[in-house]
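Across the two complexes that follow, chain A remains constant while its partner is chain B and subsequently chain C.
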Partner chain A sequence: MTDSPLPKVDPFKQHLQRRQRVGRVWGRVFYLCNFVAILTLIALFFNIINNAFGYVATSYQRAPSTLSDTPLETLDKAGLAAILQKEAPKKLRVLIRDTLSRVSKEEFSKLPLSAVLNGSVLTPDVANLKVSEISDDQAVKILIDNMDQVGLYNAVMSQIVEPTILQSWPLFESLTQRDTIAAQIKENYPDAEMVFRSWVNSTFLQNTVSSYAISAGLRTALIGTLLVITITSLFAFPLGIGSALYLEEYASDNWLNRLIETNIRNLAGVPSIIYGMLGLTVFVRLLAPITSGAIFGVTDTDGRTILSAGLTLGLVILPVIIISAQEAIRAVPPSIREASYGLGATKLQTIVRTVLPTAMPGILTGIILSLSRAIGETAPLIVVGASTFITIDPNGPFSKFTVVPIQIFQWTSKPQQEFRNTAAAAIVVLMVVLVILNSFAIMLRNRYTRRLGS
Partner chain B sequence: MSDQASLALSIEHMSVYYGSKLAVSDVTIPIKEKHITAFIGPSGCGKSTVLRSINRMNDLIPGARVEGTINYQGQNLYDPHVDPVEVRRRIGMVFQKPNPFPKSIYDNVAYGPRLLGITQKNKLDEIVERSLRGAALWDEVKSDLKKSGFALSGGQQQRLCIARTIAIEPDVILMDEPCASLDPIATQRIEQLMREELRDYTIVIVTHNMQQAQRASDYTCFFSIRKDETVVGQEKRWGVLIEYAKTEDLFNAPESMETADYIAGRFG
Partner chain C sequence: MAAQAAHLSDDKRKPLTSSSLARKPRPFETFIQTLLFLCGVVSIFTTVGIVLTLGTEAFNFFGKPGILASERQLVTAISADSPLIELTDGGFTFGVGQILEIDGEFLLITTVTDRNHLVVERGYNGSPVLAHDAKKEVHKSKQVTLTEFFTNPTWQPQIAQFGILPLLNATLLISFIAMLIAIPVGLGTAIYLSEYASPRVRQILKPTLELLAGVPTVVFGYFALTFVTPILRGIFGENVVGVYNMASAGIVIGILIVPTITTISEDALRAVPRSLREASYGLGATRFETTTKVLVPAALSGILASVLLGVSRAVGETMVVALAAGAGPNLTLNPFEAAETITGHIARISTGDLSFGSMDYNSLFALGLTLFIITLFMNLASTAITRRFREAYQ
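For the complex of A and B:
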């Protein structure tokens, strides 16, 4: 090579440096993606926690400390009823009507108690009297016999104490600007008390909905969610796994089966509200005799029941379960299938003893993901007929219902800031339920993975 | 080694098709009972196909078709009334790459007996020990039978697969290149197994290793490939049996030129 005035550069080395540099840059990009994702998660988590705890300015019509020396929620039924009798004797009968009456308002005052309070516990001396004829003592006894401690506590709070939350502050502010808040309260609400409130508390879980944020609770919605998810699981898991087994193990590779598979994959991407519409037409209306329980003798409801909701949600997650189960089954190496057949196993034996146990971790992962999705589904359940204001706990597949995401949605739509707090508290509860469910499924999956020993 | 040894199997004029493609053409082989027969030949000559036809493993491949008969204990294995599951119970198979189940050693060996409905623990314990001894693996694993099958070395895994196969007491054991993925020491161990612990079984072994065939087998079949290149773009290849003889005869005095060429390493 002739001498050249240009500097000698090794082209390979130059290219190598460039390749390494590009690699480093992309490494940083991927790190950034991860960082942004984690940041978003933290922001979400922080926002929820922020709204679920904080200082509130509460004022009472009658402060609880003036009613009893011990905190009200620790009193027993007799103690609470005594307070009711002493402080609000006129409201006793109204209370009986609101909580125990089975008839309309007009009939309530005209008929004897045994007819009006059908199903309640009544001592013989009051059974034939009308509500206007009973004494205060007898009224109190009726309340003690038929209401539980939570109900009486709520009655005392709503009829006598009548707390109002005048303003609430988020957690971060509460922790860092305590004095500012105290000053604000002194200035704007001179009669109010400053209390640190955890919006997630036991009364929150025990109460049902109310127009007052302070006594609003998640009980009805939570029971609704748990019942709906149970039906969804019982419906979708066996059906999905069985379907995947057929597609992977039994179906031959012809155009029809390939068409079916493609359609199932497409169904996984359909917006869930469309499943809601399908559920409305098929489960709520068409199959109303079954879903309302009419066939089984339940007559007081239409098709908008937990059963319809559970089946609709089951349809929503069915394609996802089929797909993930299929992938898991497909991932089982053909070599161990051959080994099983080689030992004289039938197809069913091979599936049950080798394929399914090996595919279980993957199938369980699909189930975990589907469950998490199902718990948060809101739109299809609204379409299928979740009740907007329901105070009676659902007690079976044929009950009217609401679920936690819908409850959260309703609370966030209310104008008062305090309902945003209850919504945040509900989200915390929902996440805890989700973590518990997921942990259970992950524990199952770990047990299977450990047994496989690989 | 008597020539009058009875036949365990008799493959007669068997051809195997995958769909419309001919894979193996008109093979006739006697398999002598309690002896070791080796299949050798170049890649793609159909030896594995013939082997897998014996225990009807080809049934698992959609489109696979067999013409001709394989006679076993007076019964044609390809008779429509014959259940392949029953065939595989009597004719076991060890595969090229060890494929233990993702279960414990005990459960691997007990898999076969459990399929047949044996569930009592003491019976299974007995079968597991007998099979592991029969595969020369008992001493190495008896301390922890609950260990995963995957925790063993390659050679041990293959012996586990052999133990698994003999747990259901088959008459015939088919081995499809069982030492192909093993090191020489493990290979030696398995060959010793074939000569000693498994001497009461009828064994058919496919092998790429001619020295192994010479060392380990009593009879050898040499397969080769035939081609039809008349239609350009649609070359057809299929396997045929060239020669069957006692191993020492085949290697020392092969009848066919092709056999001689292959043995001498002139093609492979």
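For the complex of A and C:
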């Protein structure tokens, strides 16, 4: 240093400056790390929205504009039925057979309507006629009486309009390169129409699964999710809160209780697919008479039911509920308990009237968070055996099931680009539900912290 | 007692005696307590259930020979004492020492005359010796040993190859890529949140992390397949990076476990007493030096625990690999190739029609047990380390 021809700099100061420079650089690196999470979230949401909306090239057997002046989905039942009668009079009876009757094709044409359309609304003049003997007007009347607007709309779409999606474009391209897309469609599909399509729409929410992306819907999966989550909640919430109360309020420090405690921590770390294998063996196979509903007289399923799925998910979220409820109960100040004991309350009275109400917001937060985890959980349900293609709405704990995440998985696994769009639409629906649930939990927590803080 | 009670009822003042103050029996309270205890025990049953389920089926897999289709049949009927059998052509080729199964009887091959004629030892392993009709299906019997399970480099149940190596290799490679992302990013975020961020910034950043942690994994799988993979293919070339590849799955899993690592590491960093920070600042250290030379070493056990938990999550993650990493086991170290992980294989095979008790079915449980043991070991280590760091400064 002393031999340096450069002007002398205080080595201490130089060293200090270097240290501070290193510190500043690393501070910035740490700061940037935060952006990975934020950027990923932005990219994730962008990617989903990008795929859930955009232009599609659609071709129609019969363009909807030639059928009606107003958009088809706004027409009432009579209007839709009139289109059916005018454009496809031969398909009216097929429609009655496919949507309303539950008997075989041969029987359907041989027996009177009152026998084959059991449970449907029939006017007396057609009740004793066979299907081949009724007039078009009578057939239309039967359809109007027994189907809802969505059903008739779907019938018009599938029987007359018959749209097919030839290609789809993501939202970003749709907005920035509209002209290129239009030119591409003109060149590749001269007959096609360019339509801006929101893949999330009312028909998407109301339709069942389908082999065609354009008519595929989420209804069975939404009902499935609702039913499965109900079972999960009924099973896991009381059990979870009960365990937490026991561990926090009653358990003394002995080996058994320590074992339970350690065990719960470890269960929280077990991969969820392992729970699926447990559910498959215990609920689907071992308890098949119960979970398939055989002992209750249900005969058309095996153990792969909503009940099995709900119980399996219950086991998955149980440790999460217990741990969060334990934390909430632990946060109740001892003074509150002591005041209650001081007034002569018994242990149970103290727990029910002071501990639980004070801890409730915290417990609820944990419950909501675990609920949103259960709603998004996919792997264990794949193993338990979700049905991939069910068109009949599940109607109870012993039905076959599919849930929203499973549908997302199925659609994403398909090679066609259109199903990626459907999957994105399903993700939008799922995320909306989860965001609502989570913001509710955050709201609860904020209120709770403020109350204990003051 | 009776005399005392009579005395009490006679005396109007009811003096406080030890018996009148004693705890009254409260059957309802005891009942509730027992009920709550039973709730707590359910979690033990869950663990026992997992161990028993995986253990039994895995034991079935390793403990007794499984039966596989060979696509070959008996040409002529054989009586109970005939050691010669004739088979139709096609399907498996048999060798000396292999075991056949016909209708519950096991037959050990002692000589192979030609492709269709075998000499066998009847009633092998104590199985009943029976007469068999022509056209009976001949099954190949196969017993998988632990050694074969852990050393065989092929996993192809269709041809009776059950070696976990390719699946384990993909699992570990993807977890490794995930940790390459998750450890620096997660730790950097934790350090920033605990040492640098103002309370206001923290209030914005923490919910972002929670949001990230709340996104279902199937959505991350979709993201990996439709966003990360195209980007990777754009950067490295479409012939280098496959449509399904381990790199994309690994990167996304890495981001997925950032919240896990950040939350626990931040707790550990915050648990370091103020006095250590102040002492370091007092000696003239910069904030960066305080962080790296004092705080991180002090919180190292907590950070290690978070990393172990992160690895355990990465190993057990299913949906991302099922969607983005591809189907079919593949023993490769090239992250741009498709390869199936343990979880991915379990998920894919489960979606098909699986007959209970078949060798495929049992093999899934052997895989599940391996996965369970790996994650359990890491979770236990993580808990043990966490306990140590909690005690350190109290």
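The criterion applied here is as follows: the second predicted complex is superposed on the first by the 358 of 454 C-alpha atoms of A that agree within 3 Å, B and C clash if a C-alpha of one lies under 4 Å from a C-alpha of the other, contacts with A are read in each partner's own complex, and residues count from 1 in each chain.
FYI, a residue touches a chain if its C-beta (ideal position, glycine included) is under 8 Å from a C-beta of that chain, and two chains touch if they have at least 3 such contacts.
Source: prediction; values computed, not measured.
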When both partners are placed on the shared chain, which of chain B and chain C touches more of chain A: C
First (chain B), second (chain C), both or neither touched by A:S252: first
Partner chain(s) touched by A:N438 [first = chain B, second = chain C, both, neither]: second
First (chain B), second (chain C), both or neither touched by A:S340: first
Chain B versus chain C as contact partner of A:G303, first or second or both or neither: neither
Which superposed partner A:I264 touches (first chain B, second chain C, both, neither): second
Touching partner for A:T358 - first (chain B), second (chain C), both, neither: first
Touching partner for A:L318 - first (chain B), second (chain C), both, neither: second
Doubly contacted chain A residues - partners chain C and chain B: 346
Residues of chain A that touch chain C when the two form their complex: 19-20, 22-23, 26-27, 29-34, 36-38, 40-41, 43-44, 47-48, 51, 238-240, 242-243, 245-247, 249-251, 257, 259-260, 262-267, 269-278, 280-282, 285, 315, 318-319, 322, 346-348, 369, 372-373, 375-379, 382-383, 385, 388, 405, 408-409, 412-413, 420, 423-424, 427, 430-431, 434, 438, 442
Residues of chain C touching chain A in the complex: 26, 28-29, 32-33, 35-44, 46-47, 49-50, 53-54, 57, 184-189, 191-193, 195-196, 205, 207-212, 214-223, 225-227, 255, 258-259, 286-289, 292, 309, 312-313, 315-319, 322-323, 343, 346-347, 350-351, 356, 364-365, 368, 371-372, 375-376, 378-380, 382-383
Touching residues (chain side chain B, partner chain A) in the complex: 55, 57, 60, 62, 85-86, 88-89, 92-93, 95, 97, 99-104, 111-112, 114-116, 147-151, 161, 164-165, 168
Contacting residues of chain A [partner chain B, same complex]: 252-253, 333, 335-336, 338-346, 349, 353-354, 357-358, 451-454
